[in-house]
Each structure stands twice: as C-alpha cells, then as structure tokens.
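Each of the next two complexes has chain A plus one more chain, namely chain B in the first and chain C in the second.
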Partner chain A sequence: MENKLLELKDVRVKYHTLDYDVMAVNGVSLELNKGESLGLVGETGAGKTTLALSILGLLPKGVGEVYEGEIIFKGEDLLQVPEKRMRDIRGMHISMIFQDPMTSLNPVYTVGDQIAEVLQLHGNKHPDERVDEILGLVGIDPSRKVCYPHQFSGGMKQRIVIAMALACEPDLLLADEPTTALDVTIQAQVLAMIDDIQKKLGTSMILITHDLGVVAETCDKVAIMYAGEIVEYGTLHQVFDKTRPHHPYTVGLFGSIPDLSSDKRRLEPIYGMTPDPSDLPEGCYFSPRCNHCTELCKQKGAAIHVSEDGHMLKCHLFTQENKEAAE
Partner chain B sequence: MKKTMLETVDLVKYFDTKNGIVHAVDHVNLSIPEGETLGVVGESGCGKSTLGRCILNLIPATSGQILFDGKNILERGGKSKDFRQKMQIIFQDPYSSLDPRQTVFNLIAEPLKTNRMGTKAEMREKVEAIMDTVGLAPRLATAYPHELDGGRRQRIGVARALVMDPKFVVCDEPVSALDVSIQAQILNLMMDVQEERGITYMFITHDLSVVKHISHAIAVMYLGEVVELAPKEELFAHPRHPYTKALLSAVPIPDPARRTMERQLIKGEVTSPVDPAPGCRFAPRCPYATPECLSPSLGMTEVGPNHQIRCCHPLD
Partner chain C sequence: MWRYILKRLLWLIPIILGVTLLVFALMSLKPGDPGRVYLGLNATQEAVDAYNESLGLNDPFFVRYFNYVKGLIKLDFGKSWVGGESVNDRIMSALPQTLKVCVYALVVAFITGLPIGILSAVKQYSLADRVLTIIAMILACIPVFWLCNMAAMLFTLKLHWLPATGLDTWKAYIMPVIGTAANTIGLTVRMSRSSMLDEMRKDYIRTARAKGAKEGSVIFKHALRNSLISVTTTLGVNFSILMGGTVFVENVYAIQGLGTCIVRSISNNDVPMLSGCVIILATFSVIVNLLVDLLYAYLDPRLRAKYVGKKKVAKARKEALNDAN
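Let's look at the complex of A and B:
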C-alpha cells in the first residue's frame, strides 16, 4: 500500500549482560499507515519501550542490540542507515515523548530555548516565531517561553515536552506513557490535545501504555504485547469487542481492570507473574499462566493466526495444528 | 445499623510554611461503619494521604477529634500503643516501604516484636499463618525484598498490617505501583481478608475504577476538603458536585463505543492550597461558578440519604 509509513519485520532485540542475554523483543512485526495511531499495550517488562527505542536507534550501545529484523520507515531500513542520517530523522521525521515530564526537560535552560534547540538542529535559523506558534498549539501562553521547567506544573511540563516533539512536524510520534504521571483531569486535557494536534498535523502515532482506557479513547489500532511478542493485533473495535475470540492474555487483562460501568464484585486476574525475559519458558511464553494451556503450548510457540478481517492472534487455540491434535 | 468503627470530627491539619499556611486537611467529618470500606479519592495534593496519616496519628492533627471505636485517640497523650495495634497502614510503594536488609520473615514479625506479642514460637506461628493468608510461599520466609517482584512485596506490606489482627487499616494507594494483573490479585486478596475478618478499611486512591470496585461509600476530596460524600452506587450514578462529575467524565473507559460520548473537561489546574480564598475552592475551575460561591459560610449540605455535598449549585 502506498501510504504505509512504518513497517517492522520480525524485529528481535536483546540486552547483553555479563552472565546472560535478556530477550526483550522476540519477533515483532507491525505496520503503520499515515495518520494512524496504534496503541501498544502491555505490562511492565513486556518490551514496549525497548521497541520504541529500537525504532529511533536509541538502544544503549554495546548493551542493547537489534539482532534480527528490519525497521522500514518510508522505504528506508533504519537499522542500516548511518548515524548521521539517523540524527536527521530523529526529531525531524520521528520524535518521541518520554514518560516522565519531570525528568525529560533540562532544568537550567528556559523552555523556549529547549524548543528552539530542536528547530535549530534541523536547520531553522530563526526559530522564535515557530516556538511561539507551537506553544500556542499545546495551549501554553507564548509569553511563558522565558520560564524554566520548575516554574511549570506537571501537566504543563508534559505539554512542553509534546511541543518539543512536534516542533518539526514529524511524520511519526512515539509516545511512551505520555499521561501516566498525570492526574486524571489533566490526563483528559492532554489526551484531548494530542488527539486534536494529531488530526491537525496528520501525524501518525504509536502510543505506549498499560491503560486500556487511554487506548480506547485515542487509538485506531491496538497491539497487545506480552514477553516481547505481539500476542494480539487488530483494530480498536476488534480487540475491544467482547463477542470475538481473543488471546487468553487479552481476556486476562480486561478481567483485571475494575470496570466503572459494571458491578462485578470479584476481579478475574491472571495468576502468576510475567516471565523473566532472561529465562523465558519453553513453548508459548504465556503458557505457565494460561487457563487453556495444552501439551502443545508447552512444547512450541504458536503460529500467527490472522482472521479474514485482519484480526491477528498468536495462540494455539486458533491454529489448525491444535485442532488437528485435538481430533 | 452497624456500629461506627472510625469517625473524624472537624479534623484539621495545617502546615506552616514560609509562604503561608497549607490547608492540607480542612474540617473533615467522616465516619466508617465496622467492616466497611470508605474510599477516599482525589488528585495529587488534595490531602488524602495526609488525612490517612492524621487518622493514625502519624502526623499530629492541628485540631479536631478522631474517634476509634468511640474513643478519641488524640486525648490519650503519648499512650498510643493500644490503638496502634488495632489500626494499621499499608503504604503505596512496595519498593521503598520495606527495609532491604531484613528477610521477609523478620519484616512480617517486626510489628509483633515491637509490641512484644507472645513468645518466639507463637510469633513464628502467627507469621506463617499470615504468609499463608496473603499467598506468600513458606520458602520465601528467608528471602530479601530485592529478590521479589512488586506484587509479592505488596503482599508483605499487607501481611505486616494484618499480622497485628487490626480492626482498621488505612490503605494508602496500595495498588497504584502495580501492573493491572497483579493489582487485581491484591484487590481480591484485600476483599477476601475483609470478608473473613470484618476489617474496616479506609482506601485512599486516585483511581476511580479501583475505588468503585472496593468501597462501600466514597469521599471525594479537593484541596483539603471533602466536597462530596455518598454511598458508592449513588455517587457513580448521580454525582451532585461539579468536581465529582468532571472527575468521573475524565476517566478513560476501556470501551470504544463510549468514545463518541461528550465529555466534560474542566479547564485549568488545581489551585494552591496555601491560604485558600474563602468559599468554594473549586470555584476557579467550575463551569457553574457564581459570586455566591465565594461566600465563606459554605458547608456540607444533605442532598439525599447519606449523600452530602459542599456546593451551592448541586447538579440534578
């Protein structure tokens, strides 16, 4: 398709430590079209942030390594391009919003200078006007560009971080838990603003979060990540439609959230813990916690099953092999 | 009618700072019946944790009364041991609230040792029993906190509170630092324990879906004041205070069908709790504010059975 912006093909990332390797991302394939927003959902340690850092080539050198796969952005494999080109792409074409607005700003520069820096690095010699414009876009009075980060509240700082990320009108925005550190009323304001700006600028977005509610309000597509794999992928409606078949992990995730609109007294959590990525279980990574686990699951990981309308599930429950074994 | 386990009467906590007086907890009146859970919700800085700590007398209150089982605990002077054994707290962060140099067994036995509860053998028995209750395997008794994940650490926090066989537990954001699947396990555990032992909880959180799940009644706080107090079903079905309404509509719901629904976003941010202006503290952000909101005589008014709000323009 022509408007394909980003394509990940079987990306695998590991971190080297002295004693063992940590398998953080284990074969992720994804596609993102222009203007789309994708929600990447998973628990701590699922590899969500690692995946985002791999796209930007920001994995710590010598420790983190993409050892297999391709990351194709506008026809270019980002894993092959030289560092100099990568520096052009970062900020200009792909930018990232980090989780914690309190630590992602430099305390000794004014916020105006910090936003201007992005613009200057990408060749804008007179960024002042653009700084005012972008501050206006995120709802901050441009006269406050001479203030330092500590003079702003948490929600305002996150707006400034978003302003920096959007200053060059990138094609792709990677937002890593952009509202997790904020209060709900401020979260609602920031999410509404991101949604609004995304529509105005036509930016694509990958939103990393553990909050299914946030995904439901902002994303078009959803990928559920577990132990470095995408176990379920589909449009928002496919993944959230309770009448469709789902991956047992997705079912567990939904069962774990107390629902504001129902009166169920007991939650139905997933038992056990997420596996240690340096010591992943045999077979399907979710099998030790899964209610539907069979012998087959313990032996080998499931193949990907894609339904006719593109709803992807990685589970033996839906593969032909399992049905044959059952018969 | 169940008996009241805990009651606060005009509880006040002010902090003196060089910029003025911070009204952290301002004339709070709450009561919790035995065996029930009162949820306290609010955004950062609204004074909910300070309230919890004042109730346990971990921070001395400025004025007011705290009645535990009918007795005012503030009148007892330094003799706090009796009620301390019966009132416990579970802290928010399982990573920083446990001593890294103590084993799991010692961490759970510490409250017993401090209060000289029984012989060594009795203590061992109690600790083993409570570890079983909270779902910690006996082999973990000799482990150190750094060897455990967040969910297990929080189970230690719960065990430390429960080992004293308390009647009342303040839970200060006990699940906020945990992943959802682990959060659900801990919430189920806390509710099971409540059913078995009839413990009264005060559950402090910023997460409305969690509070709805676990509470019987809910108090909404804003800048040190309780602005709405109601039974759970009533509060979620008919919020009467504009702040509660805004808070409820700000929560993202994991249901795409609700996305198109109109949301009532409130503008601006929480104002300063330092020397607040008289009258309604939410007025600067409130869409319904009028000059009469600034009248200093604004108090809690009854708008339904057990339903009180602090507002001169109650919603229908």
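Let's look at the complex of A and C:
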C-alpha cells in the first residue's frame, strides 16, 4: 500500500533492572495509514507509553531496550537509523504530546521560545511568524508568547504542548493521554481541537488513552492492549459493535463503563490486577482474569485470529486449535 | 524591587545589634585583662587599673554595650583596647585581604565545582563519576587548618614552589585561596551533581528530546539552567562558610586579614576590635545573601514576578502584541 505511514512488526521492549527484566511490550504489530488515527487503549502498565517512546527512540538509555522487531516509518527502520537522523525525525516527522502538561514545559523559558526552539531545530531561521500562527491555531492569544509556563492554566499549558508538537506539521502525532490531567470540560475542548487540527493538517495520530469514550470521538481504528500485547484490533465500528465477537478483555473494558441506556445497578468490572510485567503468567497473559479460561489458555498463548473484514483477535476462543481441543 | 532590597537591608540593624550583644556577652565571660596585656607584666597594678578605668571597663555591662552602640550609629567602631588603634582603620586595611581571598575562593569553587558536578551527573555511575564523587566527599569534610598546614609543608618547605606567608605575589594567593575553597568545592560538586540529576529526570527534558534537540543542548540549555537555580541558593551560605574558614587560613599563612585580627582580639580581650570585625563579617554575609537572592530571582521567572512590578509585565505583553500585529 502506498499510503502506509508506520508499521510495527513484532516489537518487543524490555526494561533492565539489577535483578530481573521487565517485559513491557511483548510482540506488537500494527499499521497506520496517512491521515488515520489509532486509539491505543489499555490499563495502566499495559505498555502503551513504552510503545510510543520506542517509536521515538526515547526509551531511558541503558534501561529500556527494543530487543526485537522493526519500526518502519516511511520505509525507514527507526531502530536502525543513526542518532543524528533520529533527531531530525523527532519533532519534524514524529512528535509527541506528553501526559502531564504541568511538567512537560521548561519553567525557565517563555512558551514562545519553547515553541520557537522546535522550529529552529528543524531549519526555520525566523520562527516568530509561525509561533504566532500556531498559538492562534490552538486558541491562545499570540501576545502571550512572552509569558512563562507558570502563568498559564493547565488546559492552556496542554494547548501549548500541542502547539509545540504540531509546529513543524509532523506526519505522525503520538498523543500520550493528552487529556488525563485536565478536567472534563477542558478535555472536550482539547480533544475537539486535536481532531480539528489533525484533519486540517492531515496528520496521522496514535492516541494513547484508557478512556474508550475519547477513542469513540476521535479515532478511526482501535487497538486494545493488555500486558504488552495487542489483544484486539479493528476499526472503530468493529471494536465498538456489541453484536460482534470480542476478546474477553475488551468485553470487560466495556463492562466497566456506565451505560446510560441500561437499567443495571452495578458495573461489571474485570477482577484482579494487570500481571506483573517482570513475572508474566504462562499461556495467555489474560488467562488468570478471564471468565472463559480453558486448560489450553493456561498452557499456551493464543494465536492471532483475523476475521474476513480485518478484525483481529488474539484469543483461544476463536482459534482452530481450541475448537479441536474441545472436540 | 527597590522596596525589597531596602527591606532586606533594614534587617541588618537587628542582626548587627544581636551580633554585638553576643560578642559583648561572651567576652565579658572570658577572663583576661586588656590593661595587663597592653602594659606588660612589669607595669604596676595601679597603672593597669587606671588604664582599664580609662577604657570604661569598670562600668556595668549594659552601660558599656550602650556606649558602644551609640558609637556604631555614627559608624564609629571605637578604639582598640590594646594600643588605642582606631578599629575603623584596622578594618579598612584588613578587609580587602580577606575579601580578595574569599571572592577568589568562591569563584574557584564555583568554576571547578559546577563543571565537575555536571560531568558526574551526566556520566552517572561511570568510573569518572565514582572517583569524582569520592574526591568531592573528601574535600567537603577535610579540616581546613590541617589541609593548609600540609600544603605549606609540601609546597613551601619541601618543594619551594610557593611562598607560605603574606599575599604579595600572585603565587602567594594559590594556597590560601585553594585552602579556603576546599570545603566549598566539595559541597558545590555534590550540590550541582544532585540537582543536575534531579533535573535530568524531569518531564520537560523528555519534551526537549522529543523536539529533536541534541544531547548537549538538552543538558546545557534545559537542565543546567534549571539546576543552576538550586546551586545558586547554596552560594550565599557557602560565602558565609568561606568567611568563617578564613580565620584558620589567614592564621596559617600569616595574612593580615579579618581572621587574624579576630583571633588576636580574642586572646587580647580586645572587645571593640573583635566586635568590629564580626560586624563586618555579618554585614558582608547579609549583603552577599541578598545578592544571591536577586540572582536567584533573575534565574527563576517564577520568582521574578515577585520583584518586578506588574507594569513591566504588562509592557512586555503590549510590545509582543504590537509585534504580532
């Protein structure tokens, strides 16, 4: 396909500690086309942020390591390119919005300077005009570029972080829970703004979140992540369509959201905790918490099952092997 | 901002009163006799008593203190009890020596300590980091008088490289300055290392990297500027420690500075001289700390707002608005 922007092939990441390795990402494969947005959903500790940092090559040095797989961006394997080329890509072609706007801005420089920095780093010698333009785009008066981060509210800081990420019109935007630190009204504004700008600039986006509501509003495709694996992957309609078969984990996630149209008094949460990534369970990682767990699940991780229209599930419930074992 | 400076300078008054009261109280507890010290062992008891009476030593404690403070208001530090030399003159000749050594020592401590601290932090857990950290720890806890004596033995008596007394040539400065700075170098290394490590872990560093900034720019432009804020706060305290340290250093190297003067006045029971020197040290300590606080506000925009009037901020915004249009 011509317009394929990013492709991850079986990416595996681990963090080294003194005593053991933490397996943060365990074989993630996905594809993203130009202009598309993908929602990456999962619990805390599922490896979502780690995956995003791996794409940018920003895993903590000496601690985090992509030990297997390929990250192909516009035909280049980002794991192989030299650091200098990687610096050109960061900010220019791929940029990231971090989770906490309060701490992601440097307190001692004005926001104008911080936005100008990314432009200067990528060859714009006179960034002033562009700084004003991009601040206007995120709805902040350009006259406030002389202000320091502490002079802004949380929502405004997040807009500035977004402005910074979009200043060079990157091809890919990694948004790591861009609205988690904000209150609900501001959340809606910021999301609408991201959506708007993304459509305007034709940017592809990976939106990391644990909020399925946010995904429903902004994404075209959804990947559900659990313990460093993608357990379900499909278009927004495929994943949100309750009549289709789903991974038990996805079912659990949806069961944890209050539904205004039903009369149920209680939610149906997923019991238990995400497994310790330094000590993953045998077989399917979700098996200890799964209602449909079989003997096979406890012994062997499930193969990937892709339906005819591209809806991917990684669960024994849908594999041939399981059906044979049942017979 | 001027209001703030004035407010801080006004604080000097209670500080000086407190310091002099303390000096007077401590010295009145110390046995000794200025008349005897000045006139020598052969003088008659009558002469000694008469001398002491003429100094007003037989007045009650608070009368003596009050008379001294009366002089202070006119910036007159009085006369030495031993020899009648004017304390003001003495301080004027001793202060430059002490200040030179202290300021050089502070500069040396800062320009050696800071880069070493940064290097240690950037190369955390490397061999260089370990070695430098250990050296810094030794420097921070080494006793100054011991270090000075050892240095004098090695570089003067054995190797004949450096003079051991006075401040006549630039070579003579080397040992006193380094001796005074030793502790502060160690402290500065440790302080800048830890604050640099703190900053390198912050989210905005990740943001800078995500922008595509070079590692050098990440360290020097982003992390260093922030860690300087906390290193600067220690500067003021360090300067006070340095001034205290000169008491030892000046005595070892026979420098006619405030430190030597203080030690001699204590053994002579020369209260006006001692008190004058201590007041000067206290004043400089206050002034340097004030300067450090102002520098701090310059480095940290969050504090700057406190000193800079609202008008200035509004003006800057207005200018930017005009630029934008």
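Definition applied: the second predicted complex is superposed on the first by the 325 of 327 C-alpha atoms of A that agree within 3 Å, B and C clash if a C-alpha of one lies under 4 Å from a C-alpha of the other, contacts with A are read in each partner's own complex, and residues count from 1 in each chain.
Assume a residue touches a chain if its C-beta (ideal position, glycine included) is under 8 Å from a C-beta of that chain, and two chains touch if they have at least 3 such contacts.
Fair warning: this is a prediction, and the values are worked out from it, not measured in the lab.
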item: Side-by-side fit of chain B and chain C on chain A, or clash; value: fit
item: First (chain B), second (chain C), both or neither touched by A:118; value: second
item: Touching partner for A:164 - first (chain B), second (chain C), both, neither; value: second
item: Partner chain(s) touched by A:74 [first = chain B, second = chain C, both, neither]; value: neither
item: Partner chain(s) touched by A:98 [first = chain B, second = chain C, both, neither]; value: second
item: Which superposed partner A:244 touches (first chain B, second chain C, both, neither); value: neither
item: Which of chain B and chain C A:58 touches, first, second, both or neither; value: second
item: Chain B versus chain C as contact partner of A:144, first or second or both or neither; value: second
item: Which superposed partner A:191 touches (first chain B, second chain C, both, neither); value: first
item: Chain B versus chain C as contact partner of A:9, first or second or both or neither; value: neither
item: Least Cα gap, in Å, left between chain B and chain C after the two complexes are fitted on chain A; value: 14
item: Contacts on chain A seen with chain B and repeated with chain C across the two complexes; value: none
item: Touching residues (chain side chain C, partner chain A) in the complex; value: 202-204, 206-214, 222, 225-226, 229, 299-302, 305, 316-321, 323-324
item: For the chain A and chain B complex, residues of the former touching the latter; value: 43-44, 153-156, 183-189, 191-192, 210-217, 236-237, 240, 252-261, 263, 265-271, 273-274
item: Chain A-touching residues of chain B, taken from the complex the two chains share; value: 43-44, 149-151, 179-185, 187-188, 191, 206, 208-210, 212-214, 233, 236, 246-256, 258-259, 263, 265-267, 269-270
item: Contacting residues of chain A [partner chain C, same complex]; value: 56, 58, 87-92, 95-96, 98, 100, 103-110, 112, 117-118, 121-122, 128, 132, 142-148, 150-151, 161, 164-165
